[in-house]
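Across the two complexes that follow, subunit A remains constant while its partner is subunit B and subsequently subunit C.
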Partner chain A sequence: MSSAATETRPLPMEGRDSFQFLGFTRARAIFFLAFVVVVVVSPLAVYPIFLMKVYCFIIFACAYNLLLGYTGLMSFGHAAFFGMGAYLCGYAATQWGLPVGLAVLAGTAYAGLLGLVFGWIAIRRQGLYFGMITLALAQMVYFVALKAPFTGGEDGIQSVPRGTLFGLVDLSSNMALYWTLSVILLAVLVFYNRIVHSPFGQVLRAIRNNPDRTKSLGVDVDRFKLLSFVISAALSGFAASLKTVLFGIATLTDVSLNISTEVVLINLVGGIGTIFGPVVGSYVILMLEQFMAPYGPWVLLIQGIVFMLFVLIFRQGIVGELQKRLKTHL
Partner chain B sequence: MKTNWLKAAVSAIALGAMSLPAYADVTIGYLAQLTGGSADLSGESALHAVRMAIDEFGGKVNGEPINVLSADHMGKADVGMSIAREWIDQKGVNLLLNVDNSAVALAVSDLIRDKNVSMMMAAASTKLINEKCGPHQVMTVLDTASVARAVVLPQLKAGGKKWFFITVDYALGHELQARATEAITAAGGEVVGGVAHTPTTTDFSAYLLQAQALGATNIALATFGSWQNTIAKQAQEFGVKATLAPFYLSDTDFKAVGLDVFQGVSGTILFYWDQNDATRAFAKRYRESYGRPPTWAAAGMYEYTRHYLRAIDAVDGTDADKIHAWMREHPMELINGSTATIRKDGVTVRDVFSYRTKTPAESKGDWDYLVITGTVPGDEVKPDLAQSTCPYAKG
Partner chain C sequence: MPFDLNLNLILGQMVLGLVNGVFYAILSLGLAIIFGLLGVINFAHGVFFMLGAFLAYMLGATLGIGYWGSLLIAPVLVGLIGIVVEVLLIRRLYKIDHLYGLLLTLGLALAIEGLIRIVFGQQGVPYPIPPSLRGAVDIGFMLLPLYRVWVVVAGIVLCLATWFVIERTPLGAKLRAATDNPAMVQAFGINVPVMLTLTYAAGVALAGVGGVMAAPVMTIDPAMGTNIVIVVFAVVVIGGMGSIFGSIVTGLGLGLLEGLAKATFPSASSTVIFVAMVIILVLRPRGLFGKMA
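Let's look at the complex of A and B:
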């Protein structure tokens, strides 16, 4: 990806000698702590359900960014993992009667499994062909979701219970669910940052920057790509499962092309190949959707304009621009 | 730098959240499909009817202004439900109106069942009056089983014995087909075949010719909107002899494709603007501010809004249990001068009217499309209360 190339040029790679804890440099640690404060304070002013929706999308966008920003693979089919994760979580909770924690895990595992199959097929090709294969597979999944009886067609899987967390916390209360989701979100961010800034993450970035050269260094490129793909798919399924628990519903929207494009847009606006890009991008895009909702189809138009603005003017996204100014990786 | 950005973000979020309007004591949330699909039939035009009902009520109830919110659910259950949830949590909505999509209505139904919120939905799934019924839930249209009976039975009586289905590949289409098939076979008719069309189908000629080849006397259109209009148009072009039986035909469809396309079509309708003096008077008022006569969907929204406001006024509060008890006890006044009753399972028992389309020569133009040929009593089409699985219908 060209954005990856432009991103790495002005900023040197992080040396091993700089201060790091769990992959956090000082700048990232400050940013992270600031975000913790935002998470703690914002429910006082903002509708918590909306915030929780944003958090689910942050996790989804992080999953996508791992693949696009750090491995250099552009998938157009992440709706397949998101949608199927949502459906399986909903199905497990309503039909099998699994407790909420296990239902979420089931959705995550299923999305990961699907990622394994799709990744195995798709990583054989690169660039546009890779994107087209993922798109085709996702459309097939959409068709299955439309026709298969277990997804409930247009009705979707409804009345998914929120249940209790490990039998201790009653999640039917919005605030209980909010704090649970906040902890999960922050943990995912730490995990995501840890993966990216680990030797494994370094290999992924090497593959992104120059796959042939990485291969010549003795790295099994395909294996790393596949692993990155599976982690991304599973994390997408995890985000979708949380969303299903939050709203109590899994529908065709979750598996539709819109989801695949929305996650690209979020990352583009936030900053591809940054840790906090998905965070900022999710806030911006979802707030745009939320406040533009009364204007119906205009949302799509405005999203299109936002997309063009960022592609033309802020190619590195908000956090990408910020890290260029601050001269540090965020 | 960083802190500035952060401050900006936090204040932006906070600002967004604080720009909420002051709560009125009564807030009506109008949740409907405002674009595509059924938007012509209902959408903005039915919202206008809701506003009319509020204005004619005086704009206030119990001394408090009546607030109206509106949003597009886009036919998606998740979109509709998250809007409804936010309205209930944040804006204190008392009544959700229209909700003209079964998937959305089913999702919202679960959401409001234990809350002090009402829903009057123009969604037709029989689930909504059976296992998914609610204590504060009223169906404003005929359910799929009733609409199927109301459309099919008169044509069976007229001698149409061999039926073919063109069905939209949605839950709604399949449910309509299943219910109509039950009604046809019970009355001694026969279903000779059927096809499901996808939402992207634009050419129905193969289906029509198939129906013709199977010797169908009647073609049931278990679909709606532009698909139904295209089928009628192509049936005309191909000279298909079988009688068309559309389930959801409205004035706007005639306007869209022309009366000549719908020649010899008969069906049933809940409200037609040119039925009697009372409906004409209402249509005149409506037309002065909206530019065209009301569809049956818009008329329905007017009637239910008015009934709801009267209930609030009578019980002097917004307790949904009391409001719904009042609405059930008191017959609902209809625009055409008759009344309807609301049952515990949320069914409205009301007369429906059979019609035939006018010939282009008969029509004076200008929305003059139908001849009302008779009345089908509400008792004949209503679903059997004894067979309802709705827990609130017992006792």
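Let's look at the complex of A and C:
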């Protein structure tokens, strides 16, 4: 089965570009620097808490895109990693009294571990089955979270302290947290672009484009798929841990189906298999939700319609369409 | 506490579990038929189940149509919606990766669920058991509500009838042929696109029947469809979609298993089917009745 991202290939394959800036090609470097400007300027105009929420979701969406866009595996269960990462980060900070940096690390590691187990189970089946299995596993995690004592059930884990980063930066101030998260986000984007364009990333794309051929070249396809899955899960847990630090809570919402579908939608709208799709998609979807929030269930209806619209008309997503116009990879 | 081996309780819960098993069987059957011919995993399948239940409620509340009338009319309406959905939306995706079909039907499921929430609110609506099926039968170890007996019997008959149509009639033969090789079947002068439309409609109508039957025993709420479709996905992974008969047996079996868990380890009852899925994936990755990939 060919993967989601490759059904049409309007652009030539990416070649080697002599221009490099932090591992970005020329076009991507321009986009990246423009985004840096946006990150620096936007808190003057937009509520920083909302921006920070967007940044957490960009990281989450990058984690998901690595799997769907570059490995060709469609998971419907990333809420399991997001939710459990959030819970463990909150638990570590409140119950074990870990400093914020270690709590985030704990949430990340736990999500990665969960990813190892779920990945090991799910890669036994391919294509659509993979999606159904991850969905079912995440639902199982949801029921466990609902009943297990350590998640706090319906209340969740509350009043997670922000603390100070490495004993240096007091994160209780919103702007201090904002700059910290901004640096983390930009670092994640550089890291994500590096992974995608590393030899490891090349193997992942080979698997996405033609798993059988890749196997015949002597690549242990399942192992690479699993590794990609674990990285994706850990990065999802990282994003969720940051979100827990930001809002001070970890709740059942974080582990619910909505989170799994939201991250798919963000990537679909932004552009599956593009570097900056998660960035654009997160802004669009979270702004949409912010505007629609007072109208309750209308959010669900609009989300569904956006889903169908993009699947039917703009399968490449916003960044994908932009790539076609500009004739370059973004 | 956990191991109170009360045989009556266990048998009682297993009979009740069979009711859920019937719904799993009906839904996984429809899912398998649609997947077989269209190659699309219909994420919206649960939502059509939910629509069946809500339509029964609406027919009763606005037109005064009772259970038996709804049992006929609601699935037809669901099937008509299915025709519209296939012609307007799903048809456009046959030529591209099947993952997009899953995404489209996921979007459809969200939109329909949102719409129902807007109209009916987040809470459920009640639906009475039809007067002719009230009361209970004494089956020795427990008093079994008559309505549940009806659901089990009617559900199994419905599944077997579907199996018969597909495996033993000329229509079913054409359907199976088109599943194997649509181009060849088209060459014999059979209108495959119409067949695809009607198959989708029939599959979701089946889910609609399930929804009407579920209305008096489940709370009718907007989330019921998504909740059940995830369990049905696990059922499908366990059974494998290769065999119609396999879908029925797996659905019923897992309903029984769930009932057994309710009687012995109540706290595990919501996860037991997922645990079963994990065990099957580890021991027999292609599923109980699945063909080799």
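The rule we apply is simple: the second predicted complex is superposed on the first by the 316 of 330 C-alpha atoms of A that agree within 3 Å, B and C clash if a C-alpha of one lies under 4 Å from a C-alpha of the other, contacts with A are read in each partner's own complex, and residues count from 1 in each chain.
Heads up, the rule we're going with is that a residue touches a chain if its C-beta (ideal position, glycine included) is under 8 Å from a C-beta of that chain, and two chains touch if they have at least 3 such contacts.
Being a predicted model, the structure only gives us computed values, none of them experimental.
Chemist: Using the superposition on chain A described above, determine whether A:Leu189 touches subunit B (first), subunit C (second), both, or neither.
Modeler: In the superposed model, A:Leu189 contacts neither subunit B nor subunit C.
Chemist: Check whether A:Ile133 is in contact with subunit B, with subunit C, with both or with neither, and answer first, second, both or neither.
Modeler: In the superposition, A:Ile133 contacts subunit C only.
Chemist: Looking at the overlay, does A:Val264 come into contact with subunit B only (first), subunit C only (second), both, or neither?
Modeler: It touches subunit C, and subunit B stays clear.
Chemist: Tell me the contact category for A:Leu204 with respect to subunit B and subunit C: first, second, both or neither.
Modeler: neither
Chemist: Just checking: does A:Leu326 make contact with subunit B only, subunit C only, both, or neither of them? Give me first, second, both or neither.
Modeler: A:Leu326 sits against subunit B, while subunit C stays out of touch.
Chemist: Which of the two partners, first being subunit B and second being subunit C, lies in contact with A:Val306: first, second, both, or neither?
Modeler: second
Chemist: Under the stated touch criterion, which partner chain does A:Val144 make contact with: subunit B (first), subunit C (second), both, or neither?
Modeler: second
Chemist: Once the two structures are superposed, pull the subunit A residues common to the subunit B and subunit C interfaces.
Modeler: 296-297
Chemist: In the complex formed with subunit A, which residues of subunit C make contact?
Modeler: Touching subunit A: residues 35, 41, 89, 92-93, 96-100, 102-104, 106-115, 117-118, 122, 222, 226, 230-231, 233-234, 236-237, 267, 270-271, 274-275, 277-278, 281-282, 285-286, 293 of subunit C.
Chemist: Considering only the defined contacts, which subunit B positions touch subunit A in the complex?
Modeler: Listed in rising order, the residues of subunit B that touch subunit A are 1-3, 5-6, 9-10, 12-14, 16-18, 34-35, 70-72, 75-79, 81-83, 85-86, 89-90, 102-103, 106-107, 110-111, 170-171.
Chemist: Can you check the complex and tell me which residues of subunit A touch subunit C?
Modeler: 1-4, 7, 74, 121-122, 124-129, 131-133, 135-137, 139-140, 143-144, 147, 257, 261, 264, 268, 296-308, 311-312, 315
Chemist: Inside the complex, what are the residues of subunit A that reach subunit B?
Modeler: Residues 30-31, 34, 38, 41-42, 45-47, 49-50, 53, 153-156, 158-159, 174, 247-249, 251-254, 280, 283, 287, 290-291, 293-294, 296-297, 322, 325-326 of subunit A touch subunit B in their complex.
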